[in-house]
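Lettered A, B, C, D and E in written order, each chain numbered from 1.
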Amino acid sequence: QPIPVGHLMDNSGPTSDVGVPYGQGVADALAWVNATRNGINGRRLNVLGFDYGYQAPRAVAQYQAWVNRERVVAIQGWGTADTEALVRFVTRDRIPYISASYSAALTDAAGRSGRQGVEAAPFNFFYGPSYSDALRAMLQWAKQDWERRGQQGRPRYVHMGANHPYPNSPKEAGEAMARELGFEVLPAIQFALTPGDYTAQCLTLKNQGANYAYLGNTAGSNISVLRACQTAGVQVQFLGNVWGMDENAMKAAGTAANGVVFPVRTAAVWGQEAPGMRTLRQISRQSDQAGTAYRPVHYLAGVCSAMLMVEAMEHAAQNGGEVSGPRIRDGFYARQNWVPRGLEGVCVPVTYAAEDHRGTMRVALYRSVVTGDTSQGSVADLMRAGTMRIEPVATIELARRRDWLGW
Amino acid sequence: MAVMMPAGDYRTSYREDMTIFPTRGSRVALWAGIALLCLAPLVLDRYLLHLLINIGFLGIAALGLNILVGFTGQISIGHAAFFGFGAFASAWAHEVLHVPVALAIPLAGLITALVGLVFGAPAARLKGLYLAIATLAAQFILEDFFARAQWFTGGVAGRVTEPFSLFGLRFDRDETYFYVVLAFVAAMFLGAANLMRTRDGRALVAVRDHYLSAEMMGINLAYYRTLSFGIASFYAGIGGALYAHYLLFVSVEAFNILFSIQFLGMVIIGGLGSVMGSLMGAAFMVLLPEVVQSLADLLAGGPIDRALKLGASISYLREMAIGAAIILFLIFEPDGLAHRWRLIKAYWKLYPYSH
Amino acid sequence: MLAVNNIEVVYNDVILVLRGLSLAVPKGEIVALLGANGAGKSTTLKAISGLLRTEEGEVTRGDIRFAGERIDGLEAHEIVRRGIFQVMEGRRIVADMTPLENLRLGAFTRSDAEVRRDLEMVFEYFPRLKERTGLAGYLSGGEQQMLAIGRALMARPKLILMDEPSMGLSPLLVKEVFGIVRRLNRELGITILLVEQNARMALSVASYGYVMEQGKVVLDGTAEQLAGNEDVKEFYLGGHGAERKSFRNLKSYKRRKRWL
Amino acid sequence: MELGFLLQLLLNGLIVGALYGVVAMSFVLIYKASQVVNFAQGEFLLVGAWVCWWLLTAWQLPFWLGFLVTLAFMTLFGVILQVVVLRPLIGEPVISVIMVTIGLSIFFQALMKWMFGVFAQPFPPIFAAERVRVLGLEVQSVYLLSLAISAAIMIGFWWFFTYSKHGLAMRATAFDQQVAASLGVSVPRVFAMSWAISAMVSAVAGVVVGVVNGVSSALSFYGIKVFPAVILGGLDSIVGAVLGGLIVGVLENLAQWLDAEVLNWGNMYQIAPFYALILILLIKPYGLFGTEAIERV
Amino acid sequence: MDPAAPILEAERVSLRFGGVRALTDVSFAVRRGEVFSIIGPNGAGKTSMVNCISGRYRPTGGRIRFEGRDITRVPTRRRAALGIGRTFQNLALFGHMTVLDNIMVGRHHLLRSGFLRGMVYWLGGAQQEEIAHRREVEEIIDFLEIQHVRKAIAGQLPYGLRKRVELARAVALRPKLILLDEPMAGMNLEEKEDMARYILDLNEEWGMTVLMIEHDMGVVMDISHRVMVLDFGRKIAEGPPEAVLADEHVKRAYLGEADEAVSEPEEAVA
């Protein structure tokens, strides 16, 4: 009898630019588990995919259908707004919910942080550093960068993004951290989640004289900002959200994307060599028989996220156990420095504790390097030719501060 | 030109001549229909109930829009914002003012009606598409308000709502909530049908058909133009509130321009100026994506699927199918489902004479 | 020149309006078509000009020939190009254009150099149109009717179908319009099929006439014959000879029409 | 600094506004001919931009050639659309036709995503990197070009409607299809013409925006932006459309300035045109240049 | 109120549209109970005059009194309740409504139940009210002989019937003064006779004062008590029909000289 699992995707909404590769990663990994491992202990996964177009209410409606009608035991989720809206529901229904939202509010599993508006989220998990922690790491790097370049005075920091739970999520944490590090914090600048003409925002940025700007949106709209700012001649170091920069975005933005610093969740990117790459390529063949596709960073993250869930389910199923929500959740706590089998060197090790769902505090920062015209040729060609590169910049190990839990 | 009446159906008083359901058959059908619907939760599975519930609250809101567009002739491209307002208002009334949900829903309808009157005020001066675009502005302004008014809506993060309860009974499952929606649908549709056959309803239609002569018949144009916004918003508010306590979560994202356009689609496809058409239109819009989805599921894995790599593109195909269905429908039935329904009925009455 | 043979017209696939109507319009003549309201006169004209289709009407039987060729089934604009121009009931000028623009529109199907001269000719027939430079929508009824006829002239048609040109016009203008109708016929040799409620006027300019009732021709004859017919006198001309019965002392009974 | 900032924003507003104006004109064109409000206008930009992009990247055509082929294609596209979808609806209530354009918008939005993916794609660098200084302000050369194109298109439209026979026919058709038909105007042909021109002109705007910002489904947002523009100007006025476009463009940028300097609300730039729209309509119910309907009883 | 006093008085009424002077200093009075006709060439301002009375236009100069009360500035919608009803030169029915509903709209100002009572039809007394008024409407329907089309959609009726429905709607207002703008236009003789009969009945039996614009001189001669002639927005004559039609000025401006080529029947009658 198959195990029903929900898979919420944004393939058509404003975050579909990153939603598509991520969702593909999840789907391929689960299909691969069915194909090569015959599911979980002989029970196949029945993956119920749903493209919710990045609209939280549609996600909630689908969630209720899944829980009431399909009786799913775990869900691979997506955005921040929907994940946060569902926290109460998944807690009530005891369904592990592995999101692609890395909102720090989801890490406070026991509700101990005492921060206003942060509820306990005992069934929420995600793979990778939280948005807030990633931003904290980037700010630490920015501080070093400022000093290394021998600049005078206080650096100026500005948060940019839509008025939406996802870009808003690390806003407060980032601004607090920036102050702590001695930055001057400028008023935030808004731009929508969809591509558009953001010249006015760039002119504002220029007028403010910002030095470091955080791009809180996903790639699609960030590209517009990068291009507009290049045109407007803005000199600023952009710090990208984890969803804010990737290979596709580099191609689309061209040289405007050159120099953006952003976190990468996996230990390797496509095309690099690592022990786990063989497995990864097998997984990739699920949707690409020819084996020629280039897989951007989000695809890899999707695979890691799905495989964590799979191993937690396997843990639940051990010794003839029932694959139920609470038991899957226990599976997440079963191991320390956990890397899914066969993906060594691809997924970074994570550790979840019953009160602290911050899987990792290590943030690997990379820089996008674009040296020429990106309009001709595929991403794979451009990466191979070196027109586009993703260069490691620094790896920041953050302290697991208790007062950072939950925001 | 003379209206056909079924043989054997004589009316002996004006009262009988003025009923909503003109024939005995239609009255019987109505009661039978209601009885069947009451039994629905016992026989239908949750999925179908879920669809019926959706049709119910969307139908109420669509009816409101039909009163505005179909009966009064004022196009609104901002109906979803009012629907949303109702949803937030009900959630807010319960959460902040601690009004019981059963009362919060009608209260939300009233608050939304007031907001509708405010945004409908330009209707007194604007006509046709100018008014339509003004409602488009209302859509964006209200959306912005939802995102900003933390105290009212919970801001961009939205608000979790409580289920409907009455006399200690909780209506938090499809099987039970269905009755709540059914009761509201019945009340709201009867109300509209009654409205349309009395003074103010006629005045609304008169304003649509020929406002200059309506004015000379003593009809206050500004009043009725604004009133129809108020009524439409009331219906939208009730529909939205029912939605809020069904989904148990309200967020600004739902109430976007696309949703407004869907409402417009419902009333046009259902039939402008037809009370029951609104419900038919809502059903069309709810069922269409489901039908497309099942088709896709049927195709999945087949040769067509493999050839076109449908798997990954299914969501686009679904959208395309919805767009195409709307286009095809309107090409073949520009007057809407209600019209087709009337033709079918007329056909049976006149059978076998077609002329 | 024009021959309508036994046509049937149906609206919306169900409403049968013309039931086997036939008529003929010889070249260079004015033919009048009389009939009660709703008899189908306008429908007949629209069937000829092809405008029926814009109202979901359809010729379901019979045929219409113009200069020997079948024209039922042609699009309205093709029929205009062949030289048939309908002046529609209710004037129907383009209200948000100036009279001049309306006239230029009349010449839409033409591309010859004589448009300008014809414009002068129209202004000669209707001098007051030249004075009006505002929007045509603000013209008075009579002026609009003149504009509608003038617009027809601009197309240089061979046959004009005129639908109730006298409706709403003052007696003076009615005379003027009919005078012009006759002049057009005489001076320009335009054939005219005239639908008119004002039977006396119509028969005074026409050479031949048809009376239709409920979608069929019930009576036809030369203008003189019709004018002498008892029924026509009673129902269309109002009383016998010059002695008209008064609207004040209407008889309470109505005589049956014999042709029914 | 402050003044320079403001001027930069104003200039940016004019440039973007001119593009809105072009789209608004093509919108008004369809409206004038058939009283149809085209909700698929934004998709015209989208289709045009994607097709041009595809010609330039997949076929490696030189820009001028690709651009011309795109325009030809879009003309055909408009005609086909009209013949296949809109012609059967001639004579039906306008609101049904409007709904059909909404259906078209949904359809093409999805089709474009399906065919070209969800990622934004860059145009090959044509003018992209070139910047010119005008009055001490930096401007994209392609933007200046688009200003020139807008102006040319606008003059063309004005001439067309005032003096050409077909322009008159189009206006007559807009007023009353039956009357137009009775005058020998082929109503379907007039509609086809208006859709063709409209699609083509929109594509020009689509390509210009695509060259600057890259092509993505977000281009279709111009279809919504066009509403405040045309209404501000008056639905049936070509001049009004251009002016409305400029106003909306400038307004957005001024709102951004106000926002950055004073309010700190964040999204004034998106919402300000709509506030302005309502205000202007309350003062002038037919927009700035719209003609009042003639109503006589 | 003095029964001999005029029901309607226009005092130096002027109306301009930009440069167009539609009316210039027109004064006249309509007596209670009479049939008063306005004739004049096209564009003379007849409809404009009626529009001023019914409130569609507001005169740019002068005053209009109804039953002694100055109504120049009374809003259009109030005039129905005062007792002024009208028909229109170009039909202005509610095209998508049934004939019955069209006429019921005429009762609008006499009905009381608003939308709230309407929605709860059975509870608030709306039903009783509807039935009571339906009765009156049926009387009008009988009178105008349109029983057979009661439930038909008004916009789909033949022209002649539509004119009658429009008259019924105006009558339903229970007006003291009814304004008829070219009631005979586009009708054949038979229908004109019917219409004339209705107008006379309304006037004589229903006691309505009639103000009528008409181009058919036969009708004007036969049924009106007094006639006023407008030309270029000015009054050029007023008086009993025979006198007015004999007036040289009127002949020249309106009737035209007798023309042997096209004989005009109407004026042949004295």
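The rule is short, and it goes like this: a residue touches a chain if its C-beta (ideal position, glycine included) is under 8 Å from a C-beta of that chain, and two chains touch if they have at least 3 such contacts.
Labels paired with UniProt names: B, D = Branched-chain amino acid ABC transporter permease; C, E = ABC transporter ATP-binding protein.
Since this is a predicted model, take the numbers as computed values, not measurements.
Novice: From chain A, what is the lowest number of touch steps before chain E is reached?
Specialist: The fewest touching-chain steps linking chain A to chain E number 2.
Novice: Among the chains, which has its CA centre at the largest distance from chain D's?
Specialist: Following the centroid criterion, the farthest chain would be E.
Novice: Is the number of contacting C-beta pairs greater for A-D or for C-D?
Specialist: Output for the comparison: A-D.
Novice: Give the label of the chain whose average Cα location is farthest from that of chain B.
Specialist: C
Novice: Distance from the CA centroid of chain B to that of chain C, rounded to the nearest Å?
Specialist: Computed from C-alpha means, the inter-chain centre distance equals 48 Å.
Novice: How many Å are there between the centre of chain B and the centre of chain E, using C-alpha atoms for each centre?
Specialist: So the centroids are 42 Å from each other.
Novice: Using CA atom averages as chain centres, what separation in Å is found between chain B and chain D?
Specialist: 32
Novice: Going through chain C residue by residue, note those that touch at least 2 other chains and give them in order.
Specialist: Within chain C, residues 138 contact more than one other chain.
Novice: Would you pick out the residues of chain D that each touch at least 2 other chains?
Specialist: In chain D, the residues touching two or more other chains are 110, 113, 267, 270, 296-297.
Novice: Counting only residues that touch at least two other chains, what does the list for chain A look like?
Specialist: Chain A, residues with two or more chain partners: 11-12, 20, 163.
Novice: Would you tell me which residues of chain A are touching chain D in their complex?
Specialist: 11-12, 16-17, 19-20, 163, 187-190, 192, 194-197, 199-201, 203-204, 206-208, 219-221, 223-224, 227-228, 231-233, 248-249, 251-254, 373-376
Novice: In the complex of these two chains, what residues of chain D are touching chain A?
Specialist: Of all residues in chain D, those touching chain A are 1-2, 5, 8-9, 12-13, 16, 56-57, 60, 110, 113, 117-125, 131, 138, 140, 209, 212-214, 216, 218-219, 221, 252-253, 256-257, 259-260, 264, 266-267, 269-270.
Novice: In their complex, what parts of chain A are in touch with chain B?
Specialist: Residues in contact with chain B: 11-12, 20, 24, 51, 53-58, 60-61, 64-65, 68-69, 81, 84-85, 88-89, 163-165, 168, 287.
Novice: In the complex, go through chain E and note every residue touching chain C.
Specialist: 17, 20, 39-44, 89-90, 158-161, 182, 185-193, 196-197, 200, 215, 217-219, 222-223, 253-256, 259, 261-269
Novice: Show me the residue ranges of chain B that touch chain E in the complex, using the header's touch definition.
Specialist: 1-3, 14-15, 17-18, 191-192, 194-195, 197-203, 205-206, 208-210, 212-221, 227, 231, 273
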